[in-house]
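Labels for the chains are A, B, C, D and E, by order of writing; each one numbers its residues from 1.
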């Protein structure tokens, strides 16, 4: 157990030892074990966008075993997916990589003005499948947000009691925010805060832009000169907004990039701003496995400080 | 146990000894212990307005430990916050200051015509975290008010059975009241009455203006010449409206003031009108800690009658 | 146990002995004990209209103890109020006057087209507080009426199992009835019938006018020459509509009257029409206590037949 | 409500208002209403000794209605019996006399070295039947005593939650006590203490003799010169042993006496020693009704202080 | 919060914040607040030995209020008693002294070869009464020990979830130990260990003698030269046996002593051996109140190091 991991766990003082144990499992697995950084492989694209849009560019991805293998080959800290994908590999890969069961999911079948997700799994499922954590998405900004907060509260309470960690995907979306607002610095910070206040152990948000959405927030940010020029500045503000470093905050790897260097640049910003890591889906499983492993290895080296 | 505290507790005759014990804990902690007055530190701004708008002017406030420390340094009777903030400090500060777990919360992500809040914690959470009380907001005036009343009823019943106190934030808001009406004397009195009838042990309302919102109430108030010139007059009417002094009524410290003297003047009005105290968030945690302690000390001196 | 009370109880043959016991408690308490008539003091005005509009004209009424004392001084059969008011006196006045816990309540904060009420207490609360009965309001005529009927059914079932009596306030209101219709003879009779069919043990309705709201009913009433000239005629029809005298029907004392003689005239109508009594709120607690006792004494004398 | 009854209820401070209400109902019914004394009619002899042994000497007693009528005619504070006897009259006599449902019962079918009783009713039954209290027997001294204590604890908890009073028949019996020991002063005092510690609201014990059973107790009683000459002395010690007067203690009327004067002499001792009253079965229902009423009337006059 | 109390609480790391809060409440109340030492007043003698043997030498002790007053006057850290005694004062003394509800109790009615106790209260009762902790006795050495361990486990689990502390009275007794063995060093150490392994937060044992009961233990103790000459030596071994100081261990004040100096000498041994304090029943409530306060004050001075 490294001092950095101990320090992170101290931020969770008062949580059940079981939850601490599972947080430690996530932090101590894979290539980044012990560094206090995480790179997680999430594959909920099949549910969110459909299989063709998700896997046609790298057909082995249709097979659920592929993603376990990818996470293992790349040395990810964990693999996160919906019930079906985990159930189809959890026995074969038992004990090989920490799992995160995503407990709600959305699809693209209908375009909802006020988006929400369907609850597609349970804490009992996560225990049965040997998961280290459960994941849940909330949409601050949606007319359904309060229902989602309440669902997450219940799931997080159940997870805590069972000694699991609760990961909250906090994505501003819906009638309350503009398209630009979804990644605005003030809004992403707010989304991180809400997840933390709801009791999330790990918070996943999108990388913020320098945009400020809310006029009231804009006044405060400008008056107090909150730096927001660089990605590192903005990540620092997000981490601060999630209990000043006492909650693990990770960032999505975003839409598939044509240019990996842009992606690496983002990771440097996360690293330098004190972010805890990334959750990288489309940029990894939508390319050939060896390319994906190469990409993830580079990212992990950036996080480990092995390369600038 | 002072005679004043005993007198207040007698107003709660018939309640469980556990609830009486926790009311006594609140009344007997901090600088105002035993005076029958309370100054409570609430920090739900992060959830309600976002972290930047709440903490950028005093960045230590991003850290959940800060608010425990502030409540301790200032000698507040209690510290009230949502689940995340309490969970992130309850073990480290166990037994140092009475805690109130705020069980529902709203955000500013969407502007709702008929506002409500999300339930974000439970009575079980409050017990687990060692709280003396639970807090819950209702919005009389909202189209969702009856749902909120019913949620509060259930939470208050569960709190009573567990020997906790139930604090009701009663804020008129929604299509039923105008902006001015939200702090109109008749409406604030009505909000206090509803909270008391729902079984709240402690009631928090906004400081009322001399405005009268409802034409029917206006007629009665004027015919019966209910005094409403001074703040003390208005506070007296609110305390009367909460079972004639048999329920503890505290008042919000309002929006951040540029002028502390205006704030002190309000406290004098609360004190002279027989109000039980204040719950002061933004005016305390949004300034440097030593300034906040100084401010809160002055306020407590006013309540204690040490300064006029 | 008088023969008249026995006769009334025989109308409830087959009900649990506990419910019969509590009906007997109501019928055998106070100045009208044993007469088969009831005068009940209800104080839900604070919730329904706000504290200022309810108590400013007689400020002792702000204090929950006042109403227990008034009911005792006047010798009322029972005192009915929401949770908060009963909780704040039930221990101090334990065993002194039968209590009815009003389990749902409305406010005047928002003007709803389709009115409903919030559930604000439970049968468990009623047992804990030593009540003889629970009360519940339904609004036949509202778009929410079926939800209210279903809520009442559940509460009445729970009350029956616990040996309590269930009192139904049946007030036609909402989009289904005109303003005049709310007190039309056919509509009030209909409201009484619905309450009886839902299993109410005691039914409270408003005093009906001679107006007939429904064209279909009007034809039948006129064809069958149902008398509706005098108050006694109309009361007789209402009692008939509530299972022909097998269910206790009581009438509201209506809005505060400037002329007590008008009120007494109404009571004579109720008495002569075979009504079981009155539930008199505003006309009692909104005047000085000795005046209220005097008024209630006169009313009880009318019911007892001591004065014409 | 007399001052004496208020004083007794104050001893139960912190109990639910419902329990206080039912204690008040017992104290305020019948000929002794308001005096703070009780005479209760118990008829569990049919179960305990068989019908012939119980009712042959006064055959109307075979009929369950008889005992309701006797309790009414004599003005007893309450009537206590097993499920069957209460069920067979509770509807017909609803509201006429407070009922105590005896929740466990023994028979004489088998002679048990370590006696216990069968649980024959529930708190739900008591509510359904309109009872003011439940009754339960424990046998300190029996090898089964701990099971009985645990059963009583659960029943008392359920009764409290439902606002009923819990009456404990505490009868030392079994291998732990000699026949003389069953009524020894130290043992009866101990039995009263155990019932009080288990949460009984009303405690029924046998009248103690001057005998001391336990050698350890004998030493203490003699060293501290606890008076035990007169019945009043001994009753005073028992009342002291039941929380120094904070719990109602009543005494059994004992075996059928040939000499009523001996019985009256016992009652004087109970009265003068500060006992709260008697529970008189065999001496009342095993003689003709008018004789029984006469006897009970004399006893009540003794308690009321109307005759020396 | 003193450093010593913080240090003690760190021994409980991973427990719920609520449990830590209640441990802090016990450690921070009364004359010894903050010293890390505790003197607790237990009054279960009435149940264990009968009222006469317990209270005849100081009759005010028959009254449940007396013991609250004694604990307050002496500045004890807590008052521990069975349900009845706590219920009869918890409302009147709400918030004045931390309470410990003793959840099982024994009596002296029968002499059992294999002793056990009856469960006489619940964690729900403890919450309702505002207790900081629950207490439970186990008898290692009894044939019923495993049932008692299982009962304690369940109660401790429920207490933990509710944020209470669980105190275990661990008294070797029964066919497995000789009379001398009940206080033998190896056996008392063993009893402390079992309580700690069962999850007790606070452990109460008897003061050990230098005797060694078990031949196997004797060999090891002698081979390893475990010091056992002085009381301090023996106390040190007991504290070591309860997780090396990570669990609070307190010692019973033993049978009523004729010589207070012998008692003080024991306290010095506890203090010097690192014991956490005493639970002193008979030696305190069986003498006049001012003498008891004087005695307890001297004991507290010894613990506080104010006198040698």
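Convention: a contact is a pair of C-beta atoms (placed from the backbone, for glycine too) under 8 Å apart; a residue touches a chain by one contact, two chains touch by 3 or more.
Here the structure is a predicted model, which is why all the values come from computation and not from measurement.
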Chain labels contacting chain A and also chain C: B
Reference interface A-B: repeating pair among B-E, B-C or C-D with over half of contacts shared: B-C
Chain whose Cα centroid lies at the greatest distance from that of chain E: C
Superposing rotation of chain B relative to chain E, computed on C-alpha atoms, to nearest 5°: 180
Fraction-based call for chain C against chain B, same above half, different below: different
Chain A and chain E, separation of their C-alpha mean positions in angstrom: 49
Centre distance in Å when chain C and chain D are each reduced to the mean of their C-alpha atoms: 39
Whole-Å separation of chain centres (CA-atom averages), chain C against chain E: 57
Chain E residues counted as touching two or more neighbouring chains: 16-17, 90-91, 124, 129
Parts of chain E lying in touch with chain B, wherever the complex brings them together: 1, 9, 13, 16-25, 27-28, 90-91, 94-96, 124, 127-131, 161-163
In the complex, chain D residues that touch chain E: 11, 13-15, 140-143, 145-147, 149-150, 153, 157, 172, 174-177, 185-187, 189-190, 192-194, 196-200, 214, 216-217, 220-221, 223-224, 226, 237, 240-241, 243-244, 246-247
Interface residues, chain C side, partner chain B - complex: 46-47, 49-53, 56-57, 59, 62-64, 82-85, 87-92, 105, 107-112, 116-122, 124-125, 129
